[in-house]
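Two complexes come next, and they have one chain in common, chain A, joined by chain B in the first and chain C in the second.
Now for the complex of A and B:
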């Protein structure tokens, strides 16, 4: 089956007073129907810029300088091409961190859903749209559908508001849903509830095939729970991609390992910090971006572009030492303990 | 533990807020944000308070810092009861670091000028160290002294906030969600710094967080708050391994990476929490 979303060699640059900065560099990703792909990275890694390009929501000084984005096979982003508006809302839904900022405080939930449905589903009759709206609210796990629909955002809890924001994104039954840190502001029990809801949406929709979801987060453990595959971004590049379970239990890129070791575990154990900070990347960055902070870096790492190494579990890592028994593989596996 | 090592003693603290006459509350209604909480922190201890939004942990923190209301019970810091107006010297005894490090720094002041201001206001407490030595204690280079807050990263800003707190030689450091706004690699750096300071400075730290894994990583003992009450407390490892209260069990079960795996899922993902299994799922 052809992917519902495809990024090929996507490079995004920002023009700033300090010169041109590369925010995303040669990003290759594809998302299949029904699949959940995690995009993991710390602040400034380029994950949000990457998904915002899919939505056509890049800042004015930011542009795609190479590569392309396709949704359902249609070219929507490339140098000189900006057609994201044709698919946004209808075929690509989005949910952001602050649900309250996605909702209009002066409109009931019903009016907001009607507005979205009217804009993107003009061929349906009003009754059909209202049936769709009631259905989507029920799918969000609400039982008192009318009571929720007649509520204003301030009458709902944070978790309920985030479920409404998801309803707004999926009422058009998009093929692709993009969520950016959509559970990060929620309490842990509410987060679990929203994550469960998202998982149910990709499992099946009324069309038969599940929705594909890009789940952007800084929380690697959370991504491990909900995603089929995970891509790890560092300083604008994807450095490792693999099956979620595999990537968390047997990470191969030194950055993925370091990131996992820095996460406090529910079962205790030492938290290990990564020294230094991520670089700001300009056009002529030589070699691996993680090399300055990598305990295993050698001369070869700073020399030139690092090739992808295929991994035993089907994933790939951008590290000279990821595949073999080289220095990259010598980091203790205890850092990957769940 | 000898009596002099007891830094913080919160005894049966109650904090009652007036409802504002909106959100379903009538004007004049009262809400007990903190309802009979007792806890202690000794020198060299890191004591955790965990709870979700609205559990009362910040009302507790504000009362301990001498910045909030105390409706009942007592808060004692190094033998001095916190209530009403404290002298300037007494107020320095509890220093606070907050979630947003940039928010606690004056955007127009270099790090050096900010420290100079503290030294001018509290000359009797701040003569013990130089700016350079102080920054070294929190793992910062002295060249940071001439930067403005927007010229430093979030992790560096939090270190500056910690340095400013340390300069006043506080008996108690109150850390309210000190790493919640930071990236996980930076969070690890700050947690390691706090653990180091506890040892090197014999500091007492009250650590407030919604993140149970972070609390597990740094705290000796933990108090779990729910709707203003402490529902469970004990040594961190014990509470996490053998939670006695149903709410603690539910909180722990909701931590990513902690939920049991679903045997029916071919990808081996955890069982999903449904709306019905969590409180407050319906309006």
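Now for the complex of A and C:
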């Protein structure tokens, strides 16, 4: 089955006073219908830039310099190609981090939903669109549908606002839903609520509409809970991709391992921060980007482009030692939480 | 919302009281109207007689109390010069002022808001610099000079438009253009700064991500959110324009309140001066009250008292 969203060699650069910065470097990702793909990385790793580029929401000085993005097989981003308008809201929905800052403060929820519905579902009658709107609000777990629809954003709580933002993204039943740190600003219980809602949306749609989801987060454990596959991003590059369970129980890239080791653990195990900071990639960077911070880096790591190593579970990692017999395999997988 | 309104009304009443008092005392600083009316040849008895007739021989506090008492019953007094009720005079001269102010404000809004939006969308580029130049010029150009230059060009040299007086639509153009420059400049500047602030807000990206057309994002979502300060300045300027565009009316011999006020000052008709100032203050307070009401309508957060 062809992917609903496909990024091939996507490279994004920012022109700044200090020269050209590579924000995303040759990113390959594909999302199948009904699949949930986690995109993990520290802030500044390029994950947000990568997903925002899909909808053409890059800053003025930032542009795709190589590679392409396809949605449902159609080319929408490439150097000199900007066709995001064809899929925005209709085929690709997006939910952002700041729940309160993704809604127009001067419009009721109903008007904002109607605006989106009118834009994308012009063939439906007004009554049909209103029925669709009431339906999507009910699906978001609201019981007092009319009261919510007639509310202004400031009259709702943060968790409610984020569920409204999700409703706005899915009311058109898009094939792809991108959520960018959409639970990070919420407290823990609300976060669980929203994650549960997202999981139910993709679960329901994998039988029905087949909505795929890209779940961007810095929280590896959270991603492990709702994602089918996870891609780990570091300094603009994907460094490891694999099935969620596999990646968390048997991480192969040293950076993935370091991320897991940096998670505070309930059993009192040692928390290890990663030494150093992620580099800002300004020009051609020979070799592995993680090498300066990697405890197992060797000469070969700094020498040149690191090839992808296929992993036993079907994933791949950008590490010379990922296959398991090198120094990279030294840390046992049991150091992960599960 | 009711408490919000009550507060605004109270503030409006206090503003009016201050304006009324200022009008009363300042008008008495313009000179003796009795002497002006009777001329230099009048004897002391005549002066005393007229002063008594006008009630000007009483002590100031008594005059003040009577004045405020009359106002409270809606009596704006009688013109010393014309001998007719001030209110009738004002209402007679008001339509020309209304017409001019409305035309100028419509022009200012129609030019100022698009100019400000355009500048905000092209921040730091040519359009932005062009718009700030226009705004700065509009704000600093002396109105009497601009009026005279426009008359010279369009009335004298080209002969396209009448130079003055109210003789139909074509006579409205030059004074309206002249009068619109200041509010236009302020509206453009405020629209630009307010818009450029709102354009950086994340909810606009989110709205675009939902596939809403760019023009709707800018003109419906961004502009509406940027509108509050712009509406404030439109309100303030409307009050100013209505209560007399003295310079412009003078240059174009426009038969409005500004001209009536100029004459009243020349005649030391301080009953009429007071009445015009008070009328202006009432208009100003009313317009601001309307603006405050609009705030509540436009921004639900203000209505709910959370912002």
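In this text, the second predicted complex is superposed on the first by the 331 of 338 C-alpha atoms of A that agree within 3 Å, B and C clash if a C-alpha of one lies under 4 Å from a C-alpha of the other, contacts with A are read in each partner's own complex, and residues count from 1 in each chain.
Criterion: contacts are C-beta pairs under 8 Å (C-beta built on N, C-alpha and C of every residue); 3 or more make two chains touch, one makes a residue touch a chain.
All values derive from a computational prediction rather than experimental measurement.
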{"item": "Between chain B and chain C, more extensive residue contact with chain A", "value": "B"}
{"item": "Which superposed partner A:127 touches (first chain B, second chain C, both, neither)", "value": "neither"}
{"item": "Touched partner set for A:17, first chain B, second chain C, both or neither", "value": "neither"}
{"item": "Partner chain(s) touched by A:89 [first = chain B, second = chain C, both, neither]", "value": "second"}
{"item": "Contacts of A:155 with chain B and chain C, given as first, second, both or neither", "value": "both"}
{"item": "Partner chain(s) touched by A:116 [first = chain B, second = chain C, both, neither]", "value": "second"}
{"item": "Overlap of the chain B and chain C footprints on chain A, listed as residue numbers", "value": "154-155"}
{"item": "Touch list for chain A against partner chain B, complex", "value": "42-43, 141-144, 147-148, 151, 154-160, 187-193, 195-197, 199-200, 218-222, 224-226, 228, 243-245, 258-259, 262-269, 271-274, 277, 338"}
{"item": "Partner chain A, residues of chain C touching it in the complex", "value": "201-203, 205-213, 216, 221, 224-225, 298-301, 304, 306-307"}
{"item": "Parts of chain A lying in touch with chain C, wherever the complex brings them together", "value": "55, 57, 85, 88-90, 93-94, 96, 98, 101-107, 115-116, 119-120, 152, 154-155, 165, 168-169, 172"}
{"item": "Residue ranges of chain B in contact with chain A within the complex", "value": "23, 52-53, 153-155, 183-189, 191-192, 210-214, 216-217, 237, 240, 250-259, 267-270, 272-275, 278-283"}
